[in-house]
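One chain, subunit A, links the two complexes that follow: it is found with subunit B in the first and with subunit C in the second.
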Partner chain A sequence: MRKNAILGAVLGAMLATTAVQAADREIVIGYQAPLSGDRSQYGEMFRNAAQIKLEEFNASGKLAGAKVAITFEDSKDDPKEARNIAHKFLDNSKIVGVIGDFSSTVSMAAGEIYAAEKMPQLSQTASHPDFTKLSPWQFRNITTQAFEGPYNADWIIAAGKKTAAVIYIQNDWGISALDGFVSGFKAKGGKITATEAFNPGNRDFRSILTKVARQKPDVIYLAMFYEEGAAFAQQREQLGIKIPLYGTSSLYSPKLIELGRESVEGLHLATTFTPDNPDPAVQTFVKEYAARFKSEPGMFAAQAYDAVGIMLDAVAKAGPSVTRESLRDALAATTGYPGVTGATSFDPVTREPAKALAKMMVKDGRFQVVTGP
Partner chain B sequence: MVFDVFFLQQVINGLSIGCVYALMAIGFTLIFGVLNVVNFAHGEVYTIGAFVGLMVITALAPPLLAVVPLVLAVGAVSGVGLERIAFRPFRRFTDEASQKSRAMREATLLSSLAVSIVTREIMMHIFGGDMQGIPSGYLLQQPVAIGPIMVASGSLVIFATSAVMLGALQFLLYRTQTGLGIRAVSNNQLGARYVGINTDRTIVTTFAVGSMLGATAGILVGLYDGAISPHMGFAPGVKAFVAMVMGGLSSIPGAVACALLLGVSESIATEFLSSGWKDLITYSLLVITLVFFPQGLFGHGRERA
Partner chain C sequence: MDVNVPDARLMPATLAPPAAFSGRGRRFAWTLLLLAVAFGAVPAAIVGTGSSYLAQIAITTMIFVILSASLNHVTGTAGLLSIGHAAFYGIGAYAAALLSTKLGLPFIVTLPAAGLIAALFGFLVALPTMRLVSIYFAVATLGIGEMIYVILLNWVDFTRGPMGIRGIPPIELFGWQADTLLSRYLAVAVIAVACVWVLHRLTHSYYGNALRALREDDQCADSMGINVERLKIESFVVATFFAGIAGALLAHTSAYIAPDNFRFMESILILAMVVVGGLGSLPGAVVGALFMIVLPEALRDIGDYRMIAVGATMFLSILLLPKGMLAEGTALGFVRRSFSRGWATIAGGTPVGWK
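What follows is the complex of A and B.
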């Protein structure tokens, strides 16, 4: 008798919980990222950031009547794995949207399947121009040089500088950075005095500097990485050339200042994420991430944090009865998402992100946010 | 294109980069001249010199002039070690057939390449693949104005060092007993052995001297460049090799002259072409030299065993 009563109570309690769960629909987002292998450090950062964002979202009550969960799958940065994961995610009817993958190649391998089977896919980092051209189901939360170049061009023009020389690294990325900047700068009435390529691994920029200095441009625009950027700035100083430097966000690294020291003072660049940004959203994220994972979040963690945020907000907008179709439409309608990588909007047609970038310059040996031109 | 102060500045830029190539080419050519094989690990000796120099600088903060003897010593040790690992095992047979065997000699091409890869990977493992900054007090980057022309203090130091090295080496080769031995072995290893020269010891000495020069080059270029990495030896190594071939393989002054020529040509070419093409200039000069001067610009043509 006593036994039966206990059993009944337990059963009753179980039924009660199921009833509550049934009221709260479970919505799942698939996240594919490299969690093992060479690139696992990136996947690890994505997962950490995603967990913070997910907990924030579920606690916020933005979506009444449903709970969102994220399922992680390890793509090992391998296109074959990514395709298997894509099929697995598609077969799970609870999954309404996918975030990932890390590299453009892997994201596009999975993306072809998502495009054919109609699953919205949002990559935090895939920056290849062709990724969003796959189908209307692909989105990305990272700006490309086609966005950053014109943005920097506007900034330079607004500062009253009309002529620029561009120094770029001779690879696909460097050429896209050159094209982005030059077209933006010319469109605003600026004049390009020279474009000079250098081969990856080059460490001597004196002859380029001398050649460029002869035409006395108002600014020199650098499309390169911090190793070369630091060497370039040092040699510019040695040659006594005073033309101000602007650069791509790829130069944004503490290593630039460590290697370049005083010579990089005054270098301007625009970037999406900076842990020093006084914006409260950024500070909350940085503190929470540092408290949980004992490290300062970098650009990659921030990209993932915002990608998850954009996805979850789109889910909230589509409501508890969200479908893959309605989630895609909600994603495409993203405007002014207040993320830590700047306010993000998706172009409804090209699905390319537009962000308000943080304008920075090196001042007193560190990157500082500049306000105004 | 105008012959103005900017053009003059380009020539000076070219001479500074040429000096960097020359600094490396000196040690490279010395070793080639004796053994008649390319020492692919010379670039790593250069890198080791730079890293040991940086470690000493960060740990002890000694005056710059105290760093140089230490780097010289490290260079000598790595040269002797390199010879022991990559070259000596292929000389263990002393019969005439083995001594004349091209295969035995050319096998060291691969063994030195192997040592170079292993050394580079170990350095990457220890120090990481990133660029390492040099403490600012040691940098040779102060701008020096000579009239309207700007040079970095490092360029002057590297120029002076190349000149001193070249002079000292010419003295060693032509005025000392050791130098006579080196020249004899370089000329004909078997013959040198027959007349009683201790060829093994001569070869070890050559490696020690060549690697001392290589290691010093590494730290100097590191201080001039402001950053070092485990890959730093590769690019100047290729240019030094080209300079050596153009200069006639075993002529040290020839290699130095060609290194300067390469630097100035690259720099002036930037005036006409995009600088992405400057390697094209280097290799075109190499091809032209080989077609019209198969012995190199300064080679005297010698019997190749």
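What follows is the complex of A and C.
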């Protein structure tokens, strides 16, 4: 009798726990990013932004009957590690979708596996033109250079400048930035005086600057990241070259001004995210990020914040019984997601994101929104 | 370095240990055990757990076993410190990728071709650099490694530069396609075991002794009639050949390669495998590869401190086992005894030389 009672109690307890689990299913999103190694500063920003968004989402009650968690894995920006992580995520049946990785090479190394094994993958930053062509399971939240290049070209032409020299970083992203800008600029009747590549890690631009300045282009267009951008602007100032600088959105970071100081004054760029945007969504994010992490969020943090937001909204749309398939379909149906990087929609055919860009320039030691050309 | 073991003939017969079981039996038992691990235990674990993560790690490990064993051949056995091994791994990978995607050649052709092309580059690099010794040779290989990386990165028309090469077909042999992870692992493991076996026969022989001799003192070896330059070139070409094979396996198992796979840090990782395992020790190189691939994965759960823990483990392993996990002297004795590759002068005596 007593045995039966104990058995009954145990069974009852087990049933109760399963009931609780059924009512509160745990849905997990995998996030792979470089949390150690050369590029760990980006992974750190992604993780910070993702945590804010996740807490907001779980508190909002958009998804009744389930709780969403994010599992972070460190890819070290290494394709080898990314492939291991991809399989680790695939083995975990709770994981219905993956965000990441940071660079295109690493995102695609993992992407080949997600494509074959049918796991939705949303990268906040992979801009390789082939990334979304891997399979219908790949999405990205960053506008590619095929979109940004012509946008900047229009802006420069509208400002009455007809010739440009392009300095670009020699990697997949740099080449796509070069192609996007050059084709857009030529289509509008502009003339490219020179295109100069530099290898990743290079910080000495003096010879490139001297060479480019000799042809006196109206503008120099920079396709690089803020570390190189700041070094470039300083060396340009030291050499006394006055040609105005335009750049890709990748230069947009408070660090650019911190490192470049006065030398980056007057640099123009168009970006999807600006912390000065009076939009309440942007202001909430900026305040929360600054309060928690004691730094102003840059474009990368904002991209991750919105990537997580898009992913979580898709989870909510698919409901608590979300699967990898239903999440993919919900992601593909994203239209006008009101994020901090502008309203985002995925193209139904190419799955490429479309966003509205804000035109900015560095003025009085900070980024300011430019109105007009 | 303690390479030579005392001759059994000098020992009184009563002190010589009794033969546990015959040389042939031991050799058979050890070979069987190693094959059982590679083709029995690991696939069983993959199937049993249904873990694709485990399968992926096993594939990566096997590829790095080839890289580490081949670098050990030139750096450990022949004593030529090469820190550009990842470049030849890259050449092999690009050769296989380009031959299969552009010319549509099958795996049976791309695999040896990748090895031969890498070996050809190895030969061309070896010709001028073999007159360099110690650290000068190391710096030369560093330079060559960087050069090859930069060429892969910048020769956009040919290698597609940083865009990488996509859509490399999986391993296929006479209509059999390795499309599941398990079959991919098995294919890679067969090739890795074959590579290690060839390196084993090269190292554990009088040819291997000649390489060790030129490592210890190349002038002395020269005066003994060993063709030092030729041997150095040969060992470098052999090592780059196997690095090329490893590259082909990477290309065909991962479908996508880009120059970032072959950065300088990859060369350092391979070198660390060899040193942690034991310079000059082939079993050590295998264990080192296993250790350096599995450890960072096993430590994933500790999060941010993962790479610090990996670094600390490496540091401690070198501090406590400066000759590596399986030191060369121990490894040679082990191979002589357990694979009956040495001559036992009296029954149960310490074996010497090579069969």
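Miscellaneous remarks
Operating definition for what follows: the second predicted complex is superposed on the first by the 216 of 373 C-alpha atoms of A that agree within 3 Å, B and C clash if a C-alpha of one lies under 4 Å from a C-alpha of the other, contacts with A are read in each partner's own complex, and residues count from 1 in each chain.
Heads up, the rule we're going with is that contacts are C-beta pairs under 8 Å (C-beta built on N, C-alpha and C of every residue); 3 or more make two chains touch, one makes a residue touch a chain.
As the structure is a computational prediction, the values presented were derived from the model and not from experiment.
Contact with subunit C, but none with subunit B, is seen for A:N171 once the two complexes are overlaid on the shared chain.
Touch criterion met: A:E237 reaches subunit B, while subunit C stays clear of it. Once the two complexes are laid over each other on the shared chain, residue contacts for A:E227 go to subunit B alone; subunit C is not touched. With both structures placed on the common chain, the touch criterion links A:V28 to neither subunit B nor subunit C. In the superposed model, A:E196 makes contact with subunit B only, not with subunit C. Of the two partner chains placed by the overlay, only subunit B lies in contact with A:R261; subunit C stays clear of it.
Of the two partner chains, subunit C is the only one that A:S36 touches; subunit B does not reach it.
By the touch criterion defined above, A:I208 lies against subunit B but remains apart from subunit C after alignment on the C-alpha atoms of chain A.
When both complexes are overlaid on chain A, the residue A:R83 reaches subunit C alone and has no touch with subunit B. Across the superposed pair, subunit B and subunit C both touch subunit A at residues 170, 197, 199. The touching residues of subunit A, when paired with subunit C in their complex, are 35-37, 72-74, 76-81, 83-84, 86-88, 90-91, 103, 105-106, 108-109, 111-112, 117, 128, 130, 134, 170-175, 197, 199. The touching residues of subunit A, counted against subunit B in their complex, run 170, 195-199, 201-204, 206-208, 210-211, 213-214, 227, 230-231, 234-235, 237-240, 255, 258-261. Contact residues on subunit B toward subunit A in their complex (touch as defined above): 4, 6, 9-10, 13-14, 16-17, 20, 130-131, 133, 136, 141-143, 145, 150-152, 225-227, 229, 231, 234-235, 266-267, 270-271, 274-276, 278-279. Looking at the complex, you find that subunit C touches subunit A at residues 50-53, 55-57, 60, 150, 153-154, 156, 161-164, 166, 181, 254-256, 258, 260-261, 296-297, 300, 303-304, 306-307.
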